[in-house]
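Take a look at these structures.
Two complexes follow with chain A in common, the first pairing it with chain B and the second with chain C.
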Partner chain A sequence: MSIAETPNENKPIKVKKAPKVFFTNKKRESIDGWLFVAPFVILTLVFLIGPIIVAFILSFKQYSLLDQTTILGAKSVGIDNYIKVFKDPVFLQALKNTFVYSIGVVPLQLIISLLLALVVDSKIKAKAFFRVAYYIPTLTSIVAVSTIFLFLFKKDGIFNKFLSIFGIGGRTWFNDPNFALMAIILMAVWSSVGVTMIIFLAGLQEIPQTVYEAAEIDGANKFQRFFKITLPLIKPTVFFNLVMTIIGTLQMFDQAYVISGGNGGPLNSTMTVVLYLYNKGFKEFEMGYASAIAFVLFLIIFTLTLIQKRLFKEEPQ
Partner chain B sequence: MKKRKTISPVRILFYIILISYAVITLGPFIWSFITSLKPTSETDNFTVHFSQLSFKNYGYIFTNFPFPRWLFNSIIIASVVSIGNLVFNSMAGYALARINFPGRKYLFLAILGMMMIPGQVVMVPTYMLLSKLGWMNTYMGMTIPFLTNMFLIFLMRQFFLGIPKELEEAAAIDGLGRFGTFFRIVLPMATTALTTQFILVFTGNWNSFMWPSLIATSSEMYTLPVGLNSFKGQYFQFPDQVLAGAMLLSLPMIAVFLIFQKKFIKGIASTGGKE
Partner chain C sequence: MKRNRIIALVCSVALTATMFVGCGNKTKTGATGGPVTLTVQIWGSSPAETKLVDDQIAAFNIANKSKKITLKKEVVTGDYNQTMQTKIAAKTEPDLFYLDVSLAANYIDKGVIAPLDEYLDKSDLKDFYPNVLKGFQKDGKTYGLPKDFNSLGLFYNKEMFADAGVKVPKTWAELEEVSKKLTKGNVKALSLSDESARFAPFIYQAGGKIVDKEKMMFNSPEAIKGFEFYYSMIKKGYAASPKDLGVEGNSDALATGKAAMVIEGGWMIPFMKEKAPSVEYGIAELPKGEKQGNLLFTVAYSMSKNTKHPKEAAEAIKFLTGKKSQEMVANSGLAIPSRKSMGNVYTDKFPERKALVDGTKYANVFSYGLKHSKIDLELGKAGERYRLGKNPDGKSALEEAIKSVQ
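The block that comes next holds the complex of A and B.
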């Protein structure tokens, strides 16, 4: 019996339809949808949401992994950990270093990578070669990069020998408290310019050629074209790169760990927030205090990201 | 005609800058590679005696140190993590782009929000969780927590939003279920995005240092970066051997990239660039 052709005043059509299809379309969609996201949701609950809640509780506790108590049974210290964070001279030094590092790396990296992106996007010979050449450092482990730079920058290393040609006295760059962080900044820019360059390149290629042609007809020169057309049109890409590099630099760990052998030396000059967190949590087992440091870092990153969103007044999709 | 191709001084300067920067990026690798072929006594010299170059250092670190084991660990872990990410991120990205399920909007907003959480916030509790589970110093501990990535889910969603719907609708009419449509119709169309994802995940995981250094507590579970870091600490006076290790860590990723680079750059352009 065909349902559609038998109008029935008393019973609505869908009641008859129901037993035929086991799941209605909508139900099917919701089951499929959640099945598709299930692996992600489960892993995120177990390895992100759960741990964040635990970290939050821990940050109000005095707890060591070596203690024989549970987390909930550990001694509550209220907001003492957070107060301690801002009175801790090593943390403040680490925070300062991290900001110096970020302020050193971000503008340098963005400017160099934008310039390189413009160059490899223009009509040049051996374009593919230069793209690959500029991208290669970003493929390399920070451990390998740091190792290479440790040798390049050591006292009797190649870099100092190169400087001595110009009569500049060498030094052990990574062992000098005045230069260690600066050397790490240069190394970081060297090793990560490629990523931002590739993303800028993608942004540049989205700009339709006709816009430039129109501007050329209107008599705009190269600089006007860059500042009046290119830059405004890649604003979302600039925003994206800015946010990503700031977040990345504030989480700096690998370079500092490998260069300093894990202690943030010399004289804490390469101690960063995450390295300090790592040492507090896993060398001294002050898990509660380490969690408080982690949340302070989170708040800093969160606030900076919101400020940037305001400044750019444009939300990336 | 004025339009004839003449080489202007600006153009020359342009190429000088281009080439100089390529020297800056490639120079340290070339130097490291050559140094890794030298005998220890020659490592601090500019000069290269070609007759003295050999792969001896590679053989030496392979037979005298656990480099083969570290290499094996790195390959296994990066492969498992890559496969997991390719499947799970694509599935989640697809659902967020195409399937109209309740809670989709909130889940997407949650992902955007959670992307801002630095991984270090959960370092302490995750460490405790992994010890509770008995996953410290195991392959499980080094792979399972890293099988998905929110940034890449976002990337895949953007990609799936950009491909036409008609094929999927046709497949559905032909009676193919959601999973069938996804694995047989959608994924094969997504090779560019998948390649991009693969390169990002594989190199990222291969190079990662913080988590493996935390989870791998004994030398036989080290990955290459963790192993190289400890090796460098002990044998710093042998730059040739340490740099051979550094090359062993770097060259495979450069090779992977060179193989896939065309698709990768295209993939970034068609997904990551769309903000």
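The block that comes next holds the complex of A and C.
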């Protein structure tokens, strides 16, 4: 582009034409940009998009990893797998369990982590210590946490002893089909509350103090400040945490695997969708069917995410 | 500007290269005539078991130094079956590997392991316990040689037996009688888990079967009888599921004195030594119903179909399950050697474990055919349902299981 200067009144300006360069500045910037994201893009393509495409192809086939055919060469069964998914009573039970788990974890985790974030953000001493303390559970291995919780929640374990102080009878938590999932919910909230807390903290710290001061001057009390100022201003953070937690909980696998030893017991009460498809794919050698289950789950999560996006955008500014 | 671009390029390449870290490497073996390196894949286990395998591999390497064959081991931590399947699909599987008998039918059916018959000595094959070896044979061909095995036995607390003044039960009727006397307060006579790997022997003892040539037989009257007898102990109050006793598994029940008897295998021995060295226990054969019945848990070395060195791999398999290696197994006491000729070495050194070896004669391998995993899962659930009263009787529980497996 030639740079044309604002012409002076009378003098015609001689505009120099720029020499033809292959790597224009714009092109150079573009290439640099791609180079910078290249590692991420390549990684995503090879390890994320690629497998997703392969899994999609497999969902229309009958295939096990031991089959000596290529993915494309495997026997095609059309949409049989997908039809089977919706008629499968164990899948439907697993879906129900997964939803119950999600509905149990999401509100509990968001509310508790928001409260913790508020506490940690306030004028208390040793803020840094509490921030770390609440976050540490998220760093522990899920397998380790599950094993410890199995120990804490056994019939003569510490949790039951604690409940007996309040006169509540003890239970065999993880062996009772009515309570196993509930115990896993408690475990999940404990171990992931730190993650959403940190994100809420970031959201809270973006609210300028001046807004609060103005509200205080206008005579707003603590509750009014929270509901009228804090909550609306952290809406994007709430949205993010809500979406991510729902996506995460609908894919729960590790806890169910360790607690039930892989069989989704007792009485299929801890069978989640991902645990079910894992068993189908690896233990029962039905990788095609497992892929179909995975895509059905994907569609469910995707739809839910779109619904949430709609709901949050509806509020007028 | 140029320097920044170079830095960006170098960083991109470095970051991209890091994604290849951890990718497996194909062991490059030389052309025929050159030195051969074989990989044998095993799963991770206790230090004692690892040492045993290391010793066996070392012995092989010494014996084959002149032939320039070296054996290297690869350990899989995590889900072995899952890892093996992904390796086979990627065609990076090792030359030889552990194969559990419960998976053998599937691996043979899919043709991922090679038959070994052309490399085997037919007369030497007779030294293996036939019912253990059968788990790895199909249509007259042998697809793996078992390296060792474990059977189930009745592990009982000697002190509790003496206190109750009872003797070791040999039949179902005696088992019930003895259990009545051993149940006191919170202590139950038996800890019984909801696993087909524990109640299948009772089905066999009643004269029933789980499968017969891929046909499901566990809803036959005999099978129902065995199934119901197992759970009758819990329903009558003489036994309980381990979690209801407040422990993780049957082994813990015996170790912590919550149960007087458990049905478990040879793995109990190192467990009891470590967790409850003060508990004096005995091992007896499982009680007899209509007949005697037991399960065998075994692992074989099998050869990959795609190995580049089948002859050498077969030699390795033969050595690792040969008399010398099995002598090491017998002396370690970690499992029962799969060769009949080694049986005496084992029982001479560990006379108290004779019941486990004796139980082999009438035992079946823990393999329910091609649908093993599903059948095992559904049987466990049937047991769970029957125990919790969701099914009024054994028949309905097992019928439901049959429907779920179809």
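The rule is short, and it goes like this: the second predicted complex is superposed on the first by the 282 of 317 C-alpha atoms of A that agree within 3 Å, B and C clash if a C-alpha of one lies under 4 Å from a C-alpha of the other, contacts with A are read in each partner's own complex, and residues count from 1 in each chain.
Methods note: contacts are C-beta pairs under 8 Å (C-beta built on N, C-alpha and C of every residue); 3 or more make two chains touch, one makes a residue touch a chain.
All of these numbers come straight from a predicted model, not from anything done at the bench.
Once the two complexes are overlaid through chain A, chain B and chain C clash, as defined at the top of the document. When both complexes are overlaid on chain A, the residue A:39 reaches chain B and chain C alike.
For chain A, the partner touching the most residues, choosing from chain B and chain C, is B.
In the superposition on chain A, A:219 makes contact with neither chain B nor chain C. By the touch criterion defined above, A:137 lies against chain B but remains apart from chain C after alignment on the C-alpha atoms of chain A. Of the two partner chains placed by the overlay, only chain C lies in contact with A:68; chain B stays clear of it. In the superposed model, A:167 makes contact with neither chain B nor chain C.
When the shared chain is aligned, chain B and chain C each come close enough to touch A:47. Of the two partner chains, chain B is the only one touched by A:298; chain C is not.
Contact with neither chain B nor chain C is seen for A:232 once the two complexes are overlaid on the shared chain.
Of the two partner chains placed by the overlay, chain B and chain C both lie in contact with A:282.
Among 5-13, 59-67 or 347-355, the region of chain C with C-alpha atoms clashing against chain B is 5-13. Residues 32, 36, 39, 43, 46-47, 65, 150, 156-157, 282 of chain A are contacted both by chain B in one complex and by chain C in the other.
Residue ranges of chain C in contact with chain A, taken from their complex: 5, 8-9, 12, 15-16, 19, 79, 81-82, 85-86, 88-89, 106-107, 110-112, 194, 241, 243-248, 305, 371, 373-374, 377, 380-381, 384-385, 388, 390, 404. Of all residues in chain A, those touching chain C in their complex are 32, 35-36, 38-39, 42-43, 46-47, 64-68, 90, 150, 154-157, 172, 174-175, 177, 263, 265-268, 279, 282-285. Those residues of chain B lying in contact with chain A across their complex are 14-15, 17-18, 21-22, 24-26, 28-29, 31-32, 35, 43-44, 46, 87-89, 91-92, 94-96, 99-104, 107, 114, 116-129, 131, 144-145, 147-148, 150, 153, 158, 178-179, 182, 203, 206-207, 209-210, 213-214, 224-226, 228-229, 232-233, 236, 239, 242-243, 245-247, 249-250, 253-254, 257-258, 261, 265, 268-269, 272-275. The touching residues of chain A, when paired with chain B in their complex, are 28-34, 36-37, 39-41, 43-44, 46-48, 50-52, 54-55, 58, 65, 71, 116, 119, 124, 128-137, 139-144, 147-152, 156-158, 161, 190, 194, 198-199, 201-203, 205-206, 236-237, 239-240, 247, 250-251, 253-254, 257-258, 261, 274, 277-278, 281-282, 287, 290-291, 294-295, 297-298, 301-302, 305, 316-317.
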